[in-house]
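Shared between the two complexes below is subunit A, which pairs with subunit B and subunit C, respectively.
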Partner chain A sequence: MMTHVRMFGRMVGLNVTMTIAYRAAFFALMVSSVIQPVVSLLVMLTIESQGADLPFDRSQLVTYYLLLSFVAICTGCWVGEYLAEGIRDGELSNTLVRPVPYIYNFVTNNIGEKIVKLPLLLPILIVIALLFRSELSLPSDPLRWIGFGIAVVFAAATAFLLDFALGSLAFWIKDVSGLFRIKDLLQGLLAGQFVPLALFPPAFAPFLEVQPFRYTLSFPLEVLAGTLDGAALVRGFAWQIGYSVVLWLCYRVIWHYGLKSYEAVGR
Partner chain B sequence: MPAILVDGLCKTYRSFRKAPGLMGAVRSLIWREHVLREAVRDISFVIEEGEVVGFLGPNGAGKTTTLKMLSGILHPSKGRAEVLGFTPSQRAFAYLRQISMVMGQKSMLWHEIPTYDTLLVHKEIYRLDDGSFRRNLDELVELLAVEDLLRVPVRNLSLGERMKMELLAALLHQPRVLFLDEPTIGLDVVSQARLRGFLRELNRKFGTTIMLTSHYMDDIQALCQRVLLIDHGQLRFDGSLNELVMQSSPYKLLNVTFANTPPSSQALAMLDPRISQRPSDDPLRLNLAVPRELIAETTALLLRMGQVADVGIEDVPIEEVIGALFTGQEQIGVAA
Partner chain C sequence: MLMHHLRVWRQFWLVAFMRQSAFRANFFLSLFEGLAQVVLVVTTFAIIYQYTPDIAGWTQAQVLIVVGLYRIVDGIINAQVAPNMREIDKYVQTGELDLLLLRPVESQFLVSTRLVALPELINIPIGLALLIYAGLQANLAWSISGILLALMLLLCGTLMIYAVWFMMMALALWFTWSPFESMVGNLFSIGRYPVDFFQRQVRALLTFIVPVAFATTFPAEALLGQLDPLIIVIAPIFALVLLLLSQRFWRWGLRSYGSASS
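The block that comes next holds the complex of A and B.
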């Protein structure tokens, strides 16, 4: 166990080093993950100021989008496309000849990025929060923050496993980039990234509650906002954990059969 | 227990064939003709611990595919492979900790960071304690003379330097079996010779079993006591290089340089009809492919035909033997 912990720690360290090595690309990704929620916030504030009947007031909108940036950084994942590329061009072989679970390489890459990103993005978020300080309202109940923290961890796991499972389809589908574009679109719409899910017509509510994208972004924010009653909270966590487990099983099954199809092209 | 046991191993790749042009592309959207390509066909061999075996064959013969199956990267389509008692495709960590794979044209290192960072990860992955890590590292750094390169990002290294670092990373955990796929490709002559010396030393010192593919016959001649020849996925030969030459070419090359005038064509007509003449740039030099059993008699006859300045007797170059085998030439050595 300790060996795995040390190995995992060392791989995270390695990925932190590599993330820093790609300074320019990294900075662009970093800024983009803040810009989109801020733009959405400005659009929503404009709509609200023109008298639109929204189920959120200004304060709730500001709080939602600022925390959305934070959660988006915590749960953001890009490993799927790298994995697909590695399967397609044979780079995956590097991972396969090492005595280490193949998923470690991708999990540690994801964590390494976050370790670098969070301390750099938090100051930007704090500056934006100060600009909107009169309208920002954060809950004081520690239980809500604990629930939020747990939901963020599971949201990150769900987002990672969804991305990873999708990328793993490259064992059979040579170009999965189209699937990722569809996933990005659905993620934007159904995770609450563009607009809060509460703004969708009520008829959509049963569907929105059960679809997986909610649990990668919106659900932790709903937990923190206190908009869910006890039963909805339990149901939400059950869905979130359920999705994590199902996606993990999907990954195991896909890799079991996928490795048999892997061609390790190239020399 | 042998180090490597391969029995009836096969690998079939599945791909699809597309008609050329735009129409072909459109048609392939609706219907695709799938084709199966047998990269490795029913090969069997056994390699004992400590052997250095050359794996030869033309491009696309199935060498790399076989190495990938033995290192656990690819699953065989059929047949059995066992390395150190493990089934490679199961990727047991206890197995992967005892082997290494180096591919000359594919880097196993992380390019953005210095090799030393990769080695620190390998220390944990291969469960090396501090003492073993330091000892193995010092030894390899000295053997490969790469002290100054350890902290340079891999992408800033030259090809030769990178290759050394690939070997360093691959050997840090002292694998019992080493798979090398074209390890000297792209290296200059000096680096190639150094690398060969290093591998010989590795085998001598630690008894590492090495399976090596290379297009450079110098690599094979310098390192391998035994060669496996593979062509179109099938094993065509398994034995020593000498046996290969003896079996494949019943000729030796007899090169005689005359001091002033070469023998006349009438004189040469006295030679056995099985002897054939090979091209020569020098009018005073006679190059002959002579059946092995006639070599003494022919040499004596030529010495009587004129004043001889120099005589050389050698085997047909191994490149020529192998090249001829792969092109299906029957009389190896006769046509140069």
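The block that comes next holds the complex of A and C.
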């Protein structure tokens, strides 16, 4: 157990070092990542200033889209297609013989890159916050921030495991890129990336609450914004933790059967 | 000289056709992706327009005209511009640029046209279909002059986007990479919104720095008969200026290019 923890730490460190080597490119990537949320915010502010009766006021809109960039980086995922490629081209064989589970490569890469990305994102967010300072009002209740933090961690886990489970289907499906395109499309819409889920027609609310993408991005923001009552909060956390556990079980089952059917391409 | 370049360009398309007709599945992937993009944007606008009959004077049907135009421009860009722009920094990093510079054609022309992603062209009929549907919804009075004007503006706008993107990527001649590489896609995708949705400074930015307004908003206004006549004069001049500027910039950069090949 201790060996695993130590190796995990080393692998995170390694990934941090590798990412820092490309810090300038990663900074550009962070600037790029805020473009879409800022554009969405500007459009929503225009609609709001026309007197539209939105369920969000101006300061809530600013808070939502500002922190959206932050949560999106915290929960961001790029494992699926790399994993699928590793399974397809036999690179998986090289790492299977290592003394740590294969998933560690991807978890540590994910954490390592985020350790570098978040400090690079921070100054950009501060600049945006200053631009909108007259309309920004972050909640002061520490409990909400703690709830937000927990929700972000589980959101990252849910997003990661969803990606990993889908990518693992490459054991049986040769080309998973179509699958990921569908997933990206659904996630764009159903995670609240463009429009907060609260703006969807009320008839969709029961569906929006149970679908997994809400728990990868929107839910932490809802916790922080304080738009959920006590019962909805408990339900939300239950769904989120439930999705993390179920997706983890999916990963275990897929890998149990997947490795049996895996035929390495020789290298 | 011009004829020679046109013949070379035609060869690039022929080669692309021969190579890519072997991978027919990619065509369906592009078709699916284009349709999915349309579904995403149309749904997003449907949600937003529940709360308001118009945004900055644009009704939902009028906005869908812009979205349709964006799909057409995106198809052209993704087929002919983007594949080449994505390679420019790699030519510099690998030293392949040396070989390209030796060829008997204008080097900017060569690095900008040699790759063509044919399946992306499917976005043009998808955008056209959306445009016609939205036009009918918006009770558009189709006129020959409006269509020709829209076409001219769309062409100018696409050339402007190319010129700006090319200059952004040409920075690789000095730095071996371009900080804009990861940004351009996100920047140009703002073209799916009419620029009137934004505050004045942002609008100026989207007209003259990241000139997406010329490619989508202004052609839509031309179709709707709401175009500021001044734009008709500005568009071709500005496109020409940006193209000449990109040529200057490229030649200036080549002088600092040190070659990385062994």
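FYI, the second predicted complex is superposed on the first by the 256 of 267 C-alpha atoms of A that agree within 3 Å, B and C clash if a C-alpha of one lies under 4 Å from a C-alpha of the other, contacts with A are read in each partner's own complex, and residues count from 1 in each chain.
Following the convention adopted for this analysis, contacts are C-beta pairs under 8 Å (C-beta built on N, C-alpha and C of every residue); 3 or more make two chains touch, one makes a residue touch a chain.
For clarity, every value in this text was computed on a predicted model and none was experimentally measured.
> So, does A:177 touch the first partner subunit B, the second partner subunit C, both, or neither?
A:177 contacts subunit C only, not subunit B.
> In the overlay, answer first, second, both or neither for which of subunit B and subunit C A:232 touches.
It touches nothing on subunit B or subunit C.
> Can A:263 be said to touch subunit B (first), subunit C (second), both, or neither?
In the superposition, A:263 touches subunit B alone.
> A:11 in the overlay: touching subunit B, subunit C, both, or neither? Say first, second, both or neither.
First partner only.
> Let me test your reading of the model: by the given contact rule, A:126 touches which partner, first (subunit B), second (subunit C), both or neither?
Touch status of A:126: no partner.
> Just checking: does A:210 make contact with subunit B only, subunit C only, both, or neither of them? Give me first, second, both or neither.
Neither partner.
> For the complex, which residues does subunit C have touching subunit A?
Within the complex, subunit C contacts subunit A at residues 29, 32-33, 36, 39-40, 43-44, 47-48, 50-52, 55-56, 177, 179-183, 186-187, 189-190, 193, 197-199, 202.
> Which residues of subunit A touch subunit B in the complex?
3, 6-7, 9-11, 13-14, 17-18, 21-22, 90-91, 93-94, 96-100, 259-260, 262-264, 266-267
> Residues of subunit A touching subunit C in their complex?
The touching residues are 24-25, 27-29, 31-32, 35-36, 39, 42-44, 46-47, 50, 52-54, 177-178, 181-182, 185, 188-189, 194-195, 199-201.
> Using the touch rule from the top, collect the residues of subunit B that touch subunit A in their complex.
Answer in residue numbers: 13, 64, 68, 71-75, 91, 93-97, 99-101, 103-108, 110, 112-113, 117-118, 120-121, 123-127, 153, 181-182.
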